[in-house]
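Please see the structure below; I have some questions.
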Amino acid sequence: MKKSRKQRNIVKFRLVVFASLAGLLILFSLFSDKLCPMDPYLQDLSNAKAAPSFVHPLGTDRYGRDMLSRIIVGSKTSIFSTLLLVTFISVFGSMIGLICGWFENTIDVILMRIADMFLAFPGLVFALAVAAVLGGGLQNAIIALAAISWPKYARLARSQTLTQKKATYIKAARLAGDSDWKLIVRHILPNIMGPILVTAVLDIGTMMMELAGLSFLGLGAKPPIAEWGSMMSETRNLLTTQPWVTLSPGIAIFISVVIFNLFGEAVRDWLDPKNGRS
Amino acid sequence: MRTLLRVEHLTKDFSTHGGETYRAVDDVSFSLGFHEKMAVIGESGSGKTTLARMITRLTEATSGQIFLEEENITRAKGHNLRNIYQKMQMVFQMPVDSFDSRRRLGDGIAESLINRGMKKAEAWEEAERLLGECGLGKEFLTRYPHEVSGGQCQRAAIARALAIQPKLLILDEATSALDMTVQKEILGLLDSLQEDRDMSYLFICHDLALVQAFCDRMIVMQKGKIVEEGTTDQVIRHPKHAYTKMLMDSVL
Amino acid sequence: MAELLRYDHINIRYGQSLVIEDVDFNLASGEILGIVGESGSGKSTLLKAGMGLLGKEGQLCRGKILYDGKDLGQCSEREMQKIRGRELGMVFQMAGSSFCPIRTLGVQMQEAVRAHKRISKAEFMDEALDLLNKFGFDKPDRILESYPFELSGGMQQRVGIVAAMLLHPRVLLADEPTSALDVSVQKQVVEQFLMIREKFGTSILLVSHNIGVIRAMADEILVLHQGKTVDYGKKDDILAQPTSEYTEKLLEAVPRFRR
């Protein structure tokens, strides 16, 4: 049963609201350099561990750096590295899955076994291993997370491709003279995009958390780079005395994750075939 | 008589999960002349759809040969196969499923023309003309498959199949999912198209009454084998095989 | 003949649209009424209304459906549960898919019967085997032990009809019961329905788009077009001399097999 017009409008409204919020967040992080009131890397030891005040609305850390500025600048590192990560794994994973599903031959068997292998690693252990081999740092944390996350997309794209491949419209398009390449680009890809897109958008929040988690453990962004996870880690011994210093990057993570998750859910509801869209 | 389609000892084996092979089509030979309407009749599991898929090369034959206008197409591939599709097209049972749900009917109809190098604007003009020939107005060009009725969608599917002016049209239960009144309209359309364009039909069907009304010749398939072949009249009046008799006795 | 099921000038609405308009017929005991119509005619909706299964959006907005003099529209859900299956049996287009795939047919049929009456396992077995025997099944005990997927589509359908008959309903509502079947099996199913009527005097409300099936089974025919009755009467009268243009067109569209 199709949803009523009213329900459809609610879905659309939610999509617009959360898409704009997510867009604002991204824009904000893009221009974060211009937006922060003070230099986030300027140390002022005479003013260290200051409580929130008019000059430092969120106080300062133990080097006297302005927390608000650091959080604003940190948004760029946190959000952009996450977006980069999710874009990469969804595109790369889907390509692999599409190829596997379409050809269903030896390559498929080999690639899917490799994917299973990566899936079998616990994320943290793998990140530790990567850090041990390549050294810490944001870049290596992203590599570690990408390595264990792409198989999810490969599997999804593969199963979607297998379903679509058998559909009658593909047979008809073949009879219309489409080459394999055209069949994939014109028909398969647009028809498997929906679920992949939804997974990717819903993944932004998860990946942001994981990346912050790795940074918190010192396996991600290295000080003095402003990154929310590592900022929480740096300041965690101040939790009892100056809680705002530790909590504010945490709240920043929380808000961003919530916005991206709600955006993901809105996209999912919007793409839902029961929503009356084609 | 010159033959348009000739099939010799065509066989298809499928391997089951148990490692055994299941023979869906077993040593089938027949030929179809120009301007002929031939029916392949059989119940589910008779292999008639597998036969159609082998002829259209959507499924690889295990053994046997397929000749289209005396050209051996059994192993044709790639560019060669795409050329063959200019002579042979197929219409499927479920019209709505045979169109990409994300693209308009016009995109589907024009696809084969564009693939053959026609400009998009020209191809759409041609698609409009084809829709007209199949009894649909140009407003259907921009409709999506789920926005039209089954009968309208099947008309569009026929228009798509006709676009590259094939000589042979394979109709795989093309009217069975449609309402009776719509079925009659579609058959009328196919009849007049045959006159206008001098085409041949391979009409895959399970409905004997329909075959009697529409086809010149028929072959009866059971469990992958041809059990009877002849003109429609001849088979229906004097069935030789017990299975054919049983089928005819079952018609209500 | 006693009037058993009566649809009294009913209108049915789905959301905003009126899908059934002023349909009126009755089914006497032991009678078979065939409702013919094409897609979108509302023929399945009529059956759902009789079973009280219209769902949230559907609404019987005028008229009454009377079973044995009782207004089904006034029955509570509990009362309807008692009537469904026991008084009004239902046969679907694919009876096979109404069975649970991971339990044997015997177990499922027994459960369905026990929902309505207290019966021991032995009694159930006797009755089920007896009924399967009556309908000419080869190895009834094997059928009760099998899982749905072990039987062919046609066999599943025939077992589904037997399952519906276990409670000896007085009326069978059948929705396109032969449409998914091969012609040879189709004939067996039609014969099975005719046997049910002969042996148990069950009334059958048959919905189908297949005029052949209706012709072979029905005593009376109702032709439905876009929610309205366009023809209603004795089978032979309607088939020989349809009163409406639509019925004429419909009959003309069906190729008649000549031998």
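By letter and in written order, the chains are A, B and C; residue numbering begins at 1 in each of them.
The rule is short, and it goes like this: a residue touches a chain if its C-beta (ideal position, glycine included) is under 8 Å from a C-beta of that chain, and two chains touch if they have at least 3 such contacts.
Note that the structure is predicted; figures quoted are calculated from it, not measured.
Student: In terms of CA centroid distance, which chain is the most far removed from chain C?
Tutor: So the farthest one, by centre of C-alpha atoms, is A.
Student: Please indicate the chain closest to the centre of the assembly, with centres calculated from CA atoms only.
Tutor: B
Student: Just the number, please: Cα centre separation of chain A and chain C in whole Å.
Tutor: Distance between chain centres: 54 Å.
Student: How many angstrom lie between the CA centroids of chain B and chain C, rounded to a whole number?
Tutor: That pair's centroid distance is 34 Å.
Student: What whole-Å value do you get for the distance between chain A and chain B if each is reduced to the mean of its CA atoms?
Tutor: 48
Student: Out of chain B, which residues touch more than one other chain, so two or more?
Tutor: Residue numbers touching two or more other chains: none in chain B.
Student: Name, in rising order, each residue of chain B that touches chain A in their complex.
Tutor: 56, 58, 78, 82, 85-86, 89-90, 92, 94, 97-102, 108, 111-112, 115-116, 144, 146, 157, 160-161, 163-164
Student: Okay, in this complex, where on chain C does chain B touch?
Tutor: So the residues of chain C touching chain B come out as 38-39, 153, 182-184, 186-187, 190, 209-213, 215-216, 249-250, 252-259.
Student: Quick one: in the complex, what on chain A touches chain B?
Tutor: Residue list for chain A touching chain B: 167-169, 171-179, 182, 186-187, 190-191, 278.
Student: In the complex formed with chain C, which residues of chain B make contact?
Tutor: Counting only chain B, the residues touching chain C are 43-44, 150, 179-184, 206-210, 212-214, 236-237, 246-252.
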